[in-house]
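Pasting a structure here, questions to come.
The first chain written gets the first letter, and so on, giving A, B and C; residue counts start at 1 in each chain.
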Amino acid sequence: MVIHPTALISPEASIAKNVEIGPFCIVHDNVKIAEGCKIGSHCELGVKTSLGDGSPLIIGENAQIRSHSVFYESSQFGTGLVTGHRATVRELTKAGKNLQIGTQTDIQGTVEIGDYTRFHSNVFVGQHMIFGDFVWVFPHVVFTNDPHPPSNHLVGSSIRDFAAIGAKSTILPGLEIGKGALVAAASVVTRDVGEDRIALGHPAKDSGPTSSVMRSDAPAEKAYPWRRHFRRGYPENVVKKWLSG
Amino acid sequence: MVIHPTALISPEASIAKNVEIGPFCIVHDNVKIAEGCKIGSHCELGVKTSLGDGSPLIIGENAQIRSHSVFYESSQFGTGLVTGHRATVRELTKAGKNLQIGTQTDIQGTVEIGDYTRFHSNVFVGQHMIFGDFVWVFPHVVFTNDPHPPSNHLVGSSIRDFAAIGAKSTILPGLEIGKGALVAAASVVTRDVGEDRIALGHPAKDSGPTSSVMRSDAPAEKAYPWRRHFRRGYPENVVKKWLSG
Amino acid sequence: MVIHPTALISPEASIAKNVEIGPFCIVHDNVKIAEGCKIGSHCELGVKTSLGDGSPLIIGENAQIRSHSVFYESSQFGTGLVTGHRATVRELTKAGKNLQIGTQTDIQGTVEIGDYTRFHSNVFVGQHMIFGDFVWVFPHVVFTNDPHPPSNHLVGSSIRDFAAIGAKSTILPGLEIGKGALVAAASVVTRDVGEDRIALGHPAKDSGPTSSVMRSDAPAEKAYPWRRHFRRGYPENVVKKWLSG
């Protein structure tokens, strides 16, 4: 355990033996950090909230949380979490393994996230969203949840496995983005997007199957499903499963 | 007064008796913090600037400023200010009571804000904006102020009482958004929006009266004016006034 | 050298004599900071990365880096760098003199930037971008680099001298924004923009020459080229060169 002497660690927090915690960090009472995690400087973990369920913040093994990030209590993450700088995650966020959360991404809590899903920089995730496995969310995407704001009737959207949500898109409340779907950059999605379909524009319209997009670096090959040619950061057993599936 | 021993507090700052200030905070000279305020960790309050008027940063009673926020001198806030994490507020911001400023929202200063106005996450407020009372601004909205950038002739917009500006909208310079108006999510507003009218699209067009929107959770009832059914966080005397108004 | 006693400075970092470093900062090993620089509180400079080239983070003379900013090793900046709060700059960013980086702007690295270029708040700069001199980028602009995300074939865009990219615009991958061009606010640029042309809309269309825009504060005068009337913050010798050019 390599905890910087300036870090303020609650004696009630449960921290595994070989965890690293950087300077000027705060770890509150209701926190469990598993083996191999590295916490950057200036973070605050386990912020108390009356909106949680009393459960701790649970960070799975081998996480890397970069500097200035803030996590509330009552959220849990599988192994291999990676964040950029200044990530914010509120209570009742339940995520699988190998989640990536980009710099300044803001997860408002009451959210479910599968395995190997990746949020790039400065994504806004409203409450009640559900993300599958291997979802990609690119910079500055906003997931809204209020059909007529402000109201008390918040409605999340479901983003299915392998979907890719292009940079600066806006997803209106209560939608389903199908498996393998592509939302083009800066689109405003107001209707469901079917499996392996492209949504493009403001408002987004169906723009054909994702299989119609050819690779810019190999023009005779299809760009989607992306898992046929893009594997950076996925372990071998995952890629094998894709190839056999 | 519960000031964490790691916080750096200027002896010239004026801090009421029962204020809480978190670890690794900095409070500069020209700051007045009233009773009952709670300042989260890693904040910097009262940043000096030659662009101010020499007046202090004044934080009214019972504020809650969350971690990693930055406030400049020469701004003032009524009672009950609440911020998310990493709020930034520059000089010459003058706000009424019960202002909410979301995580990563960036108020550039030289701004007037009424009572009970709420900015959600990551809003950008250019200089010279005027906000009324009970205004709602949802995530990632940008208020611009330069008709032909870059120039020296910055022009703010006026957002009237009870207006709701949907997520990811852009407001062009020099506009008036009328009382109770609704800007739909991701709209780009290039013209004035009338009282209780809806603006929608890119560029935003008049899309009828707000009274045409029905509640998703009570389809026989109108969604606007929102104050008829949405009262979360407003005190009883405010709601009574709305009902009698 | 005025280094706050709470700052953590590597003895291997090279820091000039009259540098100021604020409280709760971290300066890692592989950093060179030139004379006259002022580093605000809660910054982290010289973050180690396996994606760099081993070279240090080099901050030129008289920089002002505001609080909570994060810079990686293997990037370099000419004299007069100014940042807002919470700037993030990753490795292999090479910038000229008098760069401005606004609050929460996120430069992903592997980027070239000329002299006197200015990024306003919360800009996202993907890898492989090239910016000329005197470029203006306004708040919440996103520069993308992946033609069919996710992929391994990232393609930057080139933004030429004096171009102005309006707030909340999105620039698709692999484009050229010509010298003196204007991208109107909230535009989605999918094609090259010619020299001194206006791009406007979603998708952005050519909207005539920039010389067609008249000044709002002097209606008989053209608003572009902006350097004819806007000189705030540029030194006299630069302005003289513009006038003679």
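Here, contacts are C-beta pairs under 8 Å (C-beta built on N, C-alpha and C of every residue); 3 or more make two chains touch, one makes a residue touch a chain.
Note that the coordinates shown come from a computational prediction; the quantities given were computed from them, not determined experimentally.
Colleague: Using the definition of touching given at the top, classify the network of chains in this structure as line, ring, star, complete or other.
Modeller: Graph shape, chains as nodes and touching pairs as edges: complete.
Colleague: Using only the C-alpha atoms, find the rotation that maps chain A onto chain C and quote its angle between 0 and 180 degrees, to the nearest 5.
Modeller: 120
Colleague: Chain B to chain C: how many Å between their CA centres?
Modeller: Each chain's C-alpha centroid was found; their separation is 27 Å.
Colleague: Two or more other chains in contact with one residue: find those residues in chain C.
Modeller: 6, 24, 42, 68, 86, 104, 122, 140, 202
Colleague: Would you tell me which residues of chain C are touching chain B in their complex?
Modeller: 6, 22-24, 40-42, 67-68, 84-86, 103-104, 121-122, 136, 138-140, 164, 166-168, 182, 185-186, 201-202, 213, 215-217, 223-224, 226, 229-230, 232
Colleague: Within the complex, which stretch of chain A touches chain B?
Modeller: These residues of chain A touch chain B: 6, 8, 24, 26, 42, 44, 47, 68, 70, 86, 88, 104, 106, 108, 122, 124, 126, 140, 142, 144, 146-153, 155, 170, 172, 188, 202.
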